[in-house]
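The letters A, B, C, D, E, F, G and H name the chains in turn, as written, and every chain counts its residues from 1.
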Amino acid sequence: MSDVLSLIIAKYNYWLYVILMMIGLYGMIAKNNLIKKVVGMNIFQTAIILFYVSIGYKTNASIPIITTADTAHGVVVRAADYINPLTSCLMLTAIVVSVATFGYAMALAVRIYQRYQTLEEDELRMRLSEE
Amino acid sequence: MENYPALIVVAPFITGLLAGLFVWIEKRLSYPIVLTGLFVSALSAIQVLIRVIGSGPIQYKLGGWSPPIGIEYRIDLLNAMVLCLVSGVAFLNLIASYKSALKEIGDRASSYFTVYNLFITGLLGVTITGDLFNLYVLIEITSLTSYAQVAMGDRDRGPLASLNYIFIGVIGASFYLLGVGYLYMYTGSLNMADVAVLIKGSQGSSTVLTAFILCILGIWIKMALFPFHVWLPNAYTYSPVIFSRVVAPLMTKVMVYIMIRLMITVFGYDYIFNTLHLSEAVVWLATIAVLAGGVMALAQKNLKKMLTYIIVSEIGYMVGGAWMGNQLGMTGAILHIFNDALMTFALFLAVGNMVYRIEKVDITDLKGLFGKMPWTMGGFVLAAFSIIGVPPTCGFFSKWYLILGALEKGAYHFAAALIVSSLICAVLFFKVFEICFFESGSHGHEHSSHGPAVIEEAPVSMLVISGLVSLSLIVAGCYSGTIVNTIILPFLK
Amino acid sequence: MNVSNNEISNGNESSSPGYLKSFFSFLITFVLMLLCWLVLSGIFEPLILFLAFISCFLVAYFFSDLLFPSLETAYIGIFFRFVQYLPWLVWQIVLANFHVLYVTLHPRMKDLIEPQIITFKTNLKSEMAIVTLANSITLTPGTITVTADSDGVFKVHAIDTASAEGCPGDMLEKVAKIFGETI
Amino acid sequence: MHWPIDIVVLTFVIFCAIAALSVKDLLATAILFGAYSFLMCLLWTIMGAVDVAFTEASVGAGVSTVFFVAAIFRTSRRTKD
Amino acid sequence: MTSFFLYVALGLCLIMVLSIYRVLFGPTTLDRLIGVNAIGSKTVILLLLIGFLYGRVDMFVDIALAYGLLNFVAVIAAARYFHKRKGLYEESFMD
Amino acid sequence: MNIIVIALLVFGLFFFLAGAIGIMRMPDFYSRLHPAGKLDTLATLAMVMGLAVYNLNQITLGTILISLKMFLIVFFVSLASPTATHTIVDAGMRAGLRHWTKKKQRG
Amino acid sequence: METIISIKPLLAVLVSLLVIPVLVSSSDKPNVRESWTFIAGIIKFLIVLSMLPAVLSQKQIVLTLFKIAPGADIAFRVDALGMLFALVASSLYIITSMYSIGYMRGLNEHGQTRFVSFFALAISATIGAAFSANLLTLYLFYEVLSLATYPLVTHHQDENSRISGRKYLVFILGTSIGLVLPAMIYCYHATGTLEFASGGIFSGQLSKPAATVLLLMFVFGFAKAGIMPVHSWLPAAMVAPTPVSALLHAVAVVKVGAFSIVRVITGIFGVDFLLSFHLGSLVAAIASITIIVSSCIALTQDEFKRRLAYSTIGQLSYIILGVALLSPKGMTGGMLHIAMHAFGKITLFFCAGAIFVATGKKYISQMVGIGKRMPLTMIAFLIGSMSIIGLPPTGGFISKWYLVLGTLEGDQMIMLFVLLSSSLLNAAYFMPIFYKAFFCTKEESMFEDKIEEAPMMCVIPLLITALISFGLFFFPQPFLDLAKLAVKGFIGG
Amino acid sequence: MRVIAFIIVCLTGALLLYGTTEFPDWGDPKSPASLHVSNYYIEKTYEDTHAPNFVTAVVTDYRGFDTMFETAVIFTAGLGCFLLLRDFREKKEHYYQHIPTGVILHLKDEKKSLPVGKEFGYMDKEWVPPDLINKTVCRILIPFIQIYALYVVAHGDYSPGGGFQGGVIFGSSLILLAISYDLKTLVKRIKERLLGIFAALGVLIYAGTGVLCLFMGGNFLDYGKLAPLLPGHSDHIRAYGMLVVEIGVGIAVMAVMTIIYINIVSEGRHDEGL
């Protein structure tokens, strides 16, 4: 039992990130509504962020901000005490990118709606083929 | 100065932002500022190329941090060539497309130049960087700027094309990011050279395999290799001329460059071809891509769209060459990066000139264009010949290497596909030429109620660049031996 | 009704000249912000303090009219009375919570509750008074303010009859007292 | 030490994601999306990535949802799926 | 004490299930909004608790504060929609 | 000290639970807001207070400031929460959501 | 063999290329334009001529322009065969230009500037092909020539010329890209070089089936030579203005095709190689079938130019047949026939054009009694046709004589029979024209009895070519020497 | 489509799962990801830069180049929204309210306009009476949110947060202003021109710092070379560089978020919103 539990603990994050990514990707491909697709896109991106953050986690380590005790001169900082800062850093960038994309996609949706009065992909396709 | 590598990327970046600032203060300044930036960038790129040819790869540490810790630029011959190409094309295009941008984008043009420069910055950065994650960020800036530019073209179709582009672009970039994540998981590093060292001897690792597949898949999506090409035609067709002129030559080519970089620098030849044995399958895929692109181009009525499908086909060339697994194929692929960029540039310059005068470029609208815009058509014809692969133009020579590579590997299907694709291109372009050559404008007069009655030659600024680039196709073709010997072969060794 | 969209001021006339008023409101905002910053920051290095001054100055300069659209000396009194009012309010809130808790956890909840909307009018004039009352109502027994407009008309949703009848009750008086207004 | 919370929140996140994609009202999607990003933020604090969590908190609550609602405000809530 | 905080945090998570039920299953959009608001207040507490679990609450307070302030913005924005666009879209879930 | 903290936390937890149950049980949107708006606010206050008190077990300038920050959270939450509640109710009214009455239930 | 490095071959190619901008810029001053054409033509001829002594003294003039790949540069080499061809082409260019002035002005054609420009381009390409040192360069100029002649063929820009133009392209481009290119690349792949070497480049590296396929690909690939299944572009291309037809059939296009085949047989495969596999007879068989069939078809044609076209198809195959005999005499005859046929055939075309200019008649059946009206033209016609048939005292006789000797030398009686019978057929389709033109009764005559020749500029050239044809019988020396030298190079070397 | 999507998704998922099989356990401190480069950051950051927050140090210094472009991405998004949606045309219809009587006037002629002042008030098309409670509470909260945002920017290297987060929070305070009052209030208070300048200026501050390093003889973004320009301990110079950069990011993000919001919510007309 404890084996199973430890396996689950060890991999749960990775499994669920895959599931989340699949949900996002499915939403992106299969959904009909453009805004829904954008949501799927965002879920997809968050899944990746989840993946990275999971990589960076260390058990029994602190958040990547140095404690005042460690800032004293001559104290050797032990790497195992702090969570990997690099993944956080990378993901900051990724979040920013996803927000930018999200905002811009929303603006596009507004623009498309202005023009075609619909956001459904099949209706849009119909409108386009009519023209 | 030691800082040429930084200048290549930073000059267009800063000037782009400055232009963005000056839009709100003094609109007229933004264009000269942007132009200066690109000029500086192009000059620096040439400097760097000369230096690299002279004294080998250059390493530039950003922030002064040495590689695995900080981000580095690593410029070798391949980089330097692509850098020159990108900055040169961008600079020329900005001159050539100024009027067209004013016409199409109107009062927004001055803000538009900012986006343009950022786009170029992205492309240059993608080419120059030696860091896997930095590459992702730069891919994203490239993508985001291109989404923005695509949406600015056709007022009706542009936004939709842009949104679809976003979806696929995000999938591509995210796949790449995931791949980088898996690599990071395996190695703990993000620097390309460092990863390459750490990854050695990881033959059976599922993590590395997944990372490899994800990275390559992501890049393929971004470069619009055949099954993933759906976004490309609409995005390029409905974008403004100034953008399609620069994105068509550069975007896919830079992505191919990234693919080659990943293959050679990061994962290594040995891993891909000796451990995974993927060459066969990918070359088949490329074969299909080459043919499919051509066939789909045949079905198009809009000239711009037709050309975009040709780009899809050209991507097949480069991917096939790169995955051939021998030196000749890779030489062909790299040479084709250069040549294809030039010829698509020439082609789109000419098409841009047409669009400037006729607005809609359905093939049937081109009647009698040889008489009305002879110089533009001259450029167009040269570029088309290059695409078809008529000898003195450069398109022939890269095809030459590609076919040789295919023969050496025994991939006769790929060689055949190249030949067939040449024929298809010939059919395509001569279809266009026929219309331009034969149909005199008399039909135009019948329907003179709509459409401009008098079509005349495009403005001189547009023409000169178009003509020069078209002529450079021949020059590049003639000197392709030099390029191969001074840049590509030393690089591959 | 505040239709004139142009400025946020609610039109309260004041005798002191405009620039002085705005200066004081700036100053008070500045001090308030600085206090807030110090609480947040907890770092007393010169650089950070310098930044603190700049930030507070910026916020106070550009947005002081948000916090204090009109500045009156009465505010000091209001402030102290408001502080006195708070303990009572907290007590009321706790009471209200137990009431709602009782209702929520009662097995036959649906018999107990009797949702209804009541309307009443007060003579409160100042915005702050109205808002204070409205939020107090929301926080206390079984009632939520639906709308409150500048004429002092309140629309309240009550969850049961008892709450409805007890509203606004002495809360109104207390609030009126704070802001020195008639009921 | 943090794995129980991690597992629970992660499960919530999955449900929110599914619901956000399948609900037939875009405004509801927006709200679910907001909830999703709250939970994500929580998840990241649990894993110790405070900066990421902070970013997600400010972005998810502050601007993403607002952009979303604004876009729906200018388009429509209707969706077929 | 740390383990107590962990249990409290777990308890909060379990309570959150109920709010999440509201968020997931509506029935109206505004009900979801209530749920989100409720989740928001619980999250603030959870953030602080996690801060104590890490023993670095000084860093987590900032996030909690940001959260408390900004959750409000999101809720207001969503609610504002109904002020301008009247009428509820017929609500149904997963059918 | 710890006892106060535990008491406050349990108290808050209990109220949160009650609020959640209330949100589940109440028949209509308006009545759901009552537990959501009130119980949650109080629970938040209680728990934050509890944590703030716990934080003060070593009294230094740093911990005091952090506790103050927590009080700041309390302040903002108590300001924002009723407003949010009110706005949501208002939205419901404008959206034309009917409120539940016994009559309707009986009929 | 001695080699000289000289820029002359390049100059010869460039002269008419460089003159194009001048032509275009003086497009509104026809006289200036034509004089430039002349000057360029004469300079070109002189340059070619200046290389003659060196070639005759068994030296080679070599110039490497661009290095593309090892063994496949863009390079010029002037040897006897190339010299022979270049002499014919450059001398005839002058005459054709003169003729085209008369013709085009006489008919008031549109787009004369375009016409002369492409004419110049075509002749450049022809000279380039003549001087090319390897297959790559040859292919390059071959393609340029195809593309440059397209606007000439479709000069009228009507529906008719559109169809013919399409046919022209399909055959010429399709075969060159689809057959020659792969064959060439395969050659390069197999041998690593494309240089024309006197003994061929496949020394035992190719099996017989592969060699057969490759040879057939080349023979049919150079479709300009008009070997039978791929000949049908030639009659179709007769819609072009007559100077073009003349250029096409006598000087540039078809001759380049035949020349290329000769080059491939001698320089790539090598006589010994072919002999060892008995592949010569295969080509010879194909050529002889073409000869007979085309001559028979020519008999049935009523349109003057079409009949000439079919005659050309047959005559070209003589050249190939001669070379394919692989005997010294036969090869000499084949090469000589390049020159002899050129002068004869161009006379005939000039005549057809002159008749069209003067009377507007295109069909043979309408030309009864034309001799009375245009005696000079018809006498020239007689000489020309005699040359084609191979009757003394015309140049054609000499080449045919050598051909016959070649068949005898190789003991190939069937070929001999083919040659003789085809000569009879030639006579059968030419003589009736002459007969009808002069020997008819007054009632039968369709023209008034009044001498009314075409414009001087039309008549003089045809007289000159007729005279040359005539004169070549007596002074065949330069061409004969060159041909013999060439053969010596191929076989004796 | 759904079936295809499902197949694609399953394939991708299978691939990703396959890739995870060899992963070290979640939270394993010995995983390669936590050993190679990240250890350097943890152990040496404070020594190198004197910034307690490793993440900020990595973001703005070690990998500052990434962050510069990340800011540019945001900037591009804002500019893209502006270019895409901004509509300078005047609206054809106008709504006014006669304040004394409360009568609403609807003018369809674009040329006519009424003086907005005491008598007439401008109204949105979808006008709702301003919500008093909302307005007042937001009014009080906004300055606090703003000072908090600035605090976050300034303390990027001490505590979580930094330029981006602070910028977003500041931006959302402005958005809150627009939501609780109306869009016009925001647009009047913060001019579009100002936002545009801020957006570009913020990124420029970042890039300009880098260029300044070039002029000081260092590599691009090598803050260590800025020491002669600033007073104070030169070992803190990197932290100062980070701060400057963070401020730039904050300014840009604040402006861009507001631009995006305004343009989306008003379809680029800047007249009325949520």
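As a working rule, a contact is a pair of C-beta atoms (placed from the backbone, for glycine too) under 8 Å apart; a residue touches a chain by one contact, two chains touch by 3 or more.
Everything quoted here is computed from the prediction, not taken from an experiment.
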| item | value |
| --- | --- |
| Farthest-lying chain, centroid of Cα atoms versus that of chain E | G |
| Pair of chains joined by more contacts [C-beta pairs], F-H or B-H | B-H |
| Central subunit by CA centre of mass proxy | B |
| Distance-maximising chain from chain B - centres being C-alpha averages | C |
| Where chain A and chain E are represented by their mean Cα positions, the distance between them in whole Å | 19 |
| Chain G and chain H, separation of their C-alpha mean positions in angstrom | 74 |
| Averaged-CA centre spacing for the pair chain F and chain B, given as whole angstrom | 57 |
| Euclidean distance of C-alpha centroids - chain A vs chain F, Å | 30 |
| For chain D, residues that touch 2 or more chains besides their own | 1, 3, 48-51, 53-55, 58-59, 61-63, 66-67, 69-74, 78 |
| Contacts with 2+ other chains: residues of chain C | 36, 40, 42, 134-135, 145, 147 |
| Numbers and ranges of chain A residues touching at least 2 other chains | 9, 12-13, 19, 21, 25-26, 54-65, 86-90, 92-93, 96-97, 99-101, 103-104, 106-111, 114 |
| List of chain A residues in touch with chain B within their complex | 21, 25, 28, 34, 37, 41, 44-45, 48, 51-52, 55, 86-87, 90, 93-94, 97, 100-101, 104-105, 108-109, 111-112, 115-116, 124, 128, 131 |
| Touching residues (chain side chain H, partner chain E) in the complex | 126, 128, 131, 134, 138, 141, 144-145, 148, 152, 159-161, 165, 169, 172, 175-176, 179-180, 274 |
| Complex interface listing, chain D residues touching chain E | 1-2, 4-5, 8-9, 12, 15-16, 19, 22-25, 27-28, 30-32, 34-35, 38-39, 41-42, 45-46, 48, 50, 53-54, 57-58, 60-62, 65-66, 69-70, 72-73, 77-78 |
| Chain D to chain H touching residues, read off their complex | 3, 49-51, 53-55, 58-59, 61-63, 66-67, 69-71, 73-74 |
| Touch list for chain H against partner chain B, complex | 15-16, 18-23, 31-38, 40-41, 61-66, 68-70, 72-73, 75-77, 79-80, 82-84, 86, 88, 193, 196-197, 199-201, 203-204, 207-208, 210-211, 214, 218-225 |
